[in-house]
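Pasting a structure below so you can have a look.
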Amino acid sequence: MQNRKIRVALIGQGFMGRAHSNAFAQVKHFYDVPFDIERAVICARDRSRLEATAATWGWREIETDWRAVVSRKDIDLVDVAVPNALHAPISIAAAEAGKIVLCEKPLAVSAEEGARIVEAARGVPNMVWFNYRRAPAVVFARRLIDEGRIGRVFHYRASYLQQSGNDPTRPPSWKTQRALAGSGVIGDLLSHVVDTAMYLNGPIREVTALTETFAPGRDVDDAAIALVRFANGSVGSLEASRYGVGCRNRNTFEIQGERGMIRFNLENLNHLEFYDACEPRNVQGARSILVTGPDQPYAGVFWKPGHTIGYEHTFIIALGDFLSALAKGEEYHPSFADAQRVQTVLEAIEKSAQSGQWLPALH
Amino acid sequence: MQNRKIRVALIGQGFMGRAHSNAFAQVKHFYDVPFDIERAVICARDRSRLEATAATWGWREIETDWRAVVSRKDIDLVDVAVPNALHAPISIAAAEAGKIVLCEKPLAVSAEEGARIVEAARGVPNMVWFNYRRAPAVVFARRLIDEGRIGRVFHYRASYLQQSGNDPTRPPSWKTQRALAGSGVIGDLLSHVVDTAMYLNGPIREVTALTETFAPGRDVDDAAIALVRFANGSVGSLEASRYGVGCRNRNTFEIQGERGMIRFNLENLNHLEFYDACEPRNVQGARSILVTGPDQPYAGVFWKPGHTIGYEHTFIIALGDFLSALAKGEEYHPSFADAQRVQTVLEAIEKSAQSGQWLPALH
Amino acid sequence: MQNRKIRVALIGQGFMGRAHSNAFAQVKHFYDVPFDIERAVICARDRSRLEATAATWGWREIETDWRAVVSRKDIDLVDVAVPNALHAPISIAAAEAGKIVLCEKPLAVSAEEGARIVEAARGVPNMVWFNYRRAPAVVFARRLIDEGRIGRVFHYRASYLQQSGNDPTRPPSWKTQRALAGSGVIGDLLSHVVDTAMYLNGPIREVTALTETFAPGRDVDDAAIALVRFANGSVGSLEASRYGVGCRNRNTFEIQGERGMIRFNLENLNHLEFYDACEPRNVQGARSILVTGPDQPYAGVFWKPGHTIGYEHTFIIALGDFLSALAKGEEYHPSFADAQRVQTVLEAIEKSAQSGQWLPALH
Amino acid sequence: MQNRKIRVALIGQGFMGRAHSNAFAQVKHFYDVPFDIERAVICARDRSRLEATAATWGWREIETDWRAVVSRKDIDLVDVAVPNALHAPISIAAAEAGKIVLCEKPLAVSAEEGARIVEAARGVPNMVWFNYRRAPAVVFARRLIDEGRIGRVFHYRASYLQQSGNDPTRPPSWKTQRALAGSGVIGDLLSHVVDTAMYLNGPIREVTALTETFAPGRDVDDAAIALVRFANGSVGSLEASRYGVGCRNRNTFEIQGERGMIRFNLENLNHLEFYDACEPRNVQGARSILVTGPDQPYAGVFWKPGHTIGYEHTFIIALGDFLSALAKGEEYHPSFADAQRVQTVLEAIEKSAQSGQWLPALH
């Protein structure tokens, strides 16, 4: 049987453009999906760098106007990897043109805008690149939870800490301008934290939060901390900061329930900590599990047990799982609708930080 | 020159009674202070166990009425190690009788009561047994901060997690009854967290918080989480729980500032983590310092560098430092007044959890 | 300027065949080298799997006779990824045919055979895939040593532990047959240990060793431990085992010198531990450095600081560095000659384990 | 029933003198043994410090001639805490005088001398202060082994690393003079390693070893490494060094067997790592167990679960266990005879390092 061809247009050539390009180049080396993935077009405004990017990553054509790309008949899939403020116009246009649409996180710069994207994409396959939820350790955490190894949950705490804000040598970026990014760490880092939290621990009922801007003259949040009450009765805190000195990319969570505890740190991507509170008391202890082993998620996909994967593989897995779902006609998660639920929580956090009140966060 | 004699009366024979007894027995083995410490009287209601306790720990006399003890002329120091609700009456009576007064934490079951204790003890040497602030690693953290190794602080986060609440085999205790304890984890565990936070990072300006009771039928908080704004402009979270599954006694803090990061975990009492953000970038990393080494706090007090101390030594240090201050006529910290500042924050946290509002926490 | 074309023939489709295929597919995405790498031919005996392998990894042609491949005029580079006993015949034939030759480790099944390979390859560019020496953390360790951060070395200890031997569900493999593998862990795992040791700490002067076979009926070593004296005056131990229960792929080393200590564990590929003994004593401690950061080896090659790489990247780096050296007309290390020095040490270890004597290990 | 009185004479006031004094002062606070321990006499040559030492630690009398002490009728127990070369004369004299004899490790400076001590002490209760074998984590390791949680052992590796040799500010000590110490790290550190190894893994059949002296002009070994074959068929390495830069007091072991793995590091005295290879493969991982918990060795002796102990408690446990055995008329381990088995191994290691041969190490 012949594979269906998927001609991909990638909008964006920044850091995410590279990560997505790599995923499109690599996915078929590890996932046996019935599609031929053609890297058809890469589109970005800076033409001077575009040819080199296309040559390096094997994109056949280059383009500088995303509208032209989206309206092309010979494109099956549009991948949106541009600053947040452009997610809505491009995703909506692509969806309205009937394309499969993949969009970087966060889905949008507001819940209202997110709702419009979801509405537009109702009829097309879609996904948001919340790649960390697809780290094997995180999927394994979810599996342990589903198997009842944690039981009734008491606490969920998570944080995503980087130290870029404290580095005066760092060049300015669209990520610290409200006009382009919509928010600071809330959209950039806390969105991952909220997505993973909802994936692992379900809906968030209400929040109260603070935000802080440490850098002078900046119009976005450098740090955000929220207290949360989940629908399942557990309580916790969610935090993100660009002033988390000592942490290059520390994205962590910890879940404590009546039957056990799970802990993860992205800086140790291939490990998951698990404490089994059902064992005899004298041998209880947090064990560090190397999550590249037998009988674990994605065990056969990459290398042998004990051979680690890296950052880029979370994108390959997201894409591979999306294509696998597509082949079966199933919906992929996180879809735009899932990401919109994240957006609702992020907006409640931002508004609570302004008002000082607890706010409902349910969709 | 002859040593001054200090005749001690200990009120209480529970777990804290043992820890204090050990401190009184051991302090002169490690601290060269000009006092003879006489374990004169131990007082507790359960006479059946009292003789054995006195014999084990070398208390000369036993007594079952604390009022009788406090009024004895031949007692110089009263040490209060009883349930929280009794801290105020005994401490006030002892102070009014002119005794040196040492009191277990928390100082009181309310800020109002704490204020009365402070008032009564204005003229006598006093201390509150916030022993963890005296762990060598914590004192070393303070020294690094004082030396400017952290610089402007951005974040302070701390938590004290135990799992006792999740253990159905545990016998009931006064600690989970509001009438005796005043509160749940707020007084028991969060008081340590707040004391250490204020010791290391200064006054707390305002808080918003949640509390949760997981155990059915209990009238105190099993968990409490607060968002805090410190007077120095840093933000953070403080948490305590008896449902922190996987944690036997995990009392941690993390401070992040423009020049570095410090992290501590009581389960690794002899270690402190330090990240120096002023080093060349390629060798920056969180280092684990064994805090029993040369040129560190309390280096010569106990054993040789590399030889660790345990839980009980935090009490010995507290007592030894108190006696050293006493010998010099200096005030010891945390004094009752310091502990009352903690009490004010705890009360703001408890009230905020009820009202859902941010509340001022300054004394 | 036009890139030179390099037409590659890969011999082998096992686990190493996949890892090498991935390196050939990925190298140009991350390394800007003036070559077009054409995956021309993949050759293996099992034709039934070969077409699928070729399709997955983009090899244009398939072949089942390595002799036919090696004699083809249109092949520029032969990559040998087959059982150890075949390394010599294929590498020698390829070298004699004037090809660039890359060979999996260990170079050979004996020092005598290795010498013949080196001799045959004297005129052609060559490399041995000791990929772990190219892990960024290991290269960074070497840089710290070269900068004098360790000083005079006292101790070097290393081990490579896997637990596959203890797993009764594991299918048999050529790796446990002397006829195909030449040895057990000595060639498979200890070869990496010795290569990294010599890369970081220089030549090994003499050895005494033991080997052990735990599995019944096996004719190769399951474990090997050597005491070593290095030419620089340091002493240490080198170990490998397939019965290292609890270790999936724990390849570690530790170097201690008068100015500091370095420690590495492959299971935490992206971290290196460094203890600076020249700092003030009170802040000395082993720091954990995330080796994906600024000013570190390979910093700009893959992703941003803090974003980790995985097992496969060590192969991409080896190939990328080889091609970079080729472009500049420089010799790459480890070359066949370097790998032959490893072979000499391995042979001394094996013989010492038989005789019980210290043996010289210098080339 | 009245307690039997044990009048103790301590010979030595150095670091071990302090550690033993503390044990005698503390043992009855934690162990309910039917003895009254009287700190009767402390004996040392340096009279100038002796009075202060006696006053601090509560020794009733002081003495400068050990012969006079040993011959006193009113002494029941002689504790030998002096340089190694004096262990034999004092222990033998004390035993011949019918005293209970406790002796610091190593038992002697040679196996021949050790044999004479054992012979002399045949009729009196005796113990050697191999205190680390009594760390709760080590006793717990032994219990796990006895319960079959490790199964057939493949590997045992251990090392005791300090960095004192690399510290030029350190004053000279009797420990680096052969005339007083008998050896360097072999007697001082490797003796602990061998004692723990034999306690956990049984007799050592044969050894080959190297020793090295890094410090100029020193007549003892600064480092020693041995390959060992145990009687149970397992193989491993044992190492000690004073040039283990980065390690203040790192005494570690690791045992790997068909059913699991155990790992310990004295710098984390209260933790034991355990890997259960019998669990489902996907949740296998090394767990870190806080060994102050319920159902663990010495659980009720000191504080509550989760409250850690320190270095000094290993001495208290050794003494408490010795007295418990004495009360029951049982022999304590390690006895002089046990320590002599260690001595035999140490001597084989030292001789092997000279001859370069494998040597038998069995008693």
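We just call them A, B, C and D in the order they show up, numbering each chain from 1.
Basically, a contact is a pair of C-beta atoms (placed from the backbone, for glycine too) under 8 Å apart; a residue touches a chain by one contact, two chains touch by 3 or more.
Bear in mind that the values here come from a model prediction, so they are computed numbers and not experimental data.
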Count the touching C-beta pairs: is B-C or A-C ahead? A-C
Find the chain most remote from chain A, comparing centres computed as mean CA coordinates. D
So, in whole Å, the Cα centroid of chain B is separated from that of chain C by 54
Centre-of-Cα separation between chain C and chain A, whole angstrom: 35
Would you please write down the residue numbers of chain D that are in contact with two or more other chains? 275, 286, 290, 293
As the complex stands, chain C meets chain B at residues 140, 144, 273-276, 280-290, 293-296
Of all residues in chain C, those that touch chain D in their complex: 154-155, 157, 159, 161, 163, 166, 208-210, 212, 214, 223, 225, 227, 229, 235-237, 239, 241, 243-247, 256-261, 263, 275, 277, 286, 356-358
For chain B, which residues count as touching chain D in their complex? 15, 18-19, 21-22, 25-26, 28-29, 32, 56-57, 162, 248-249, 267-270, 290, 292-293, 302-313
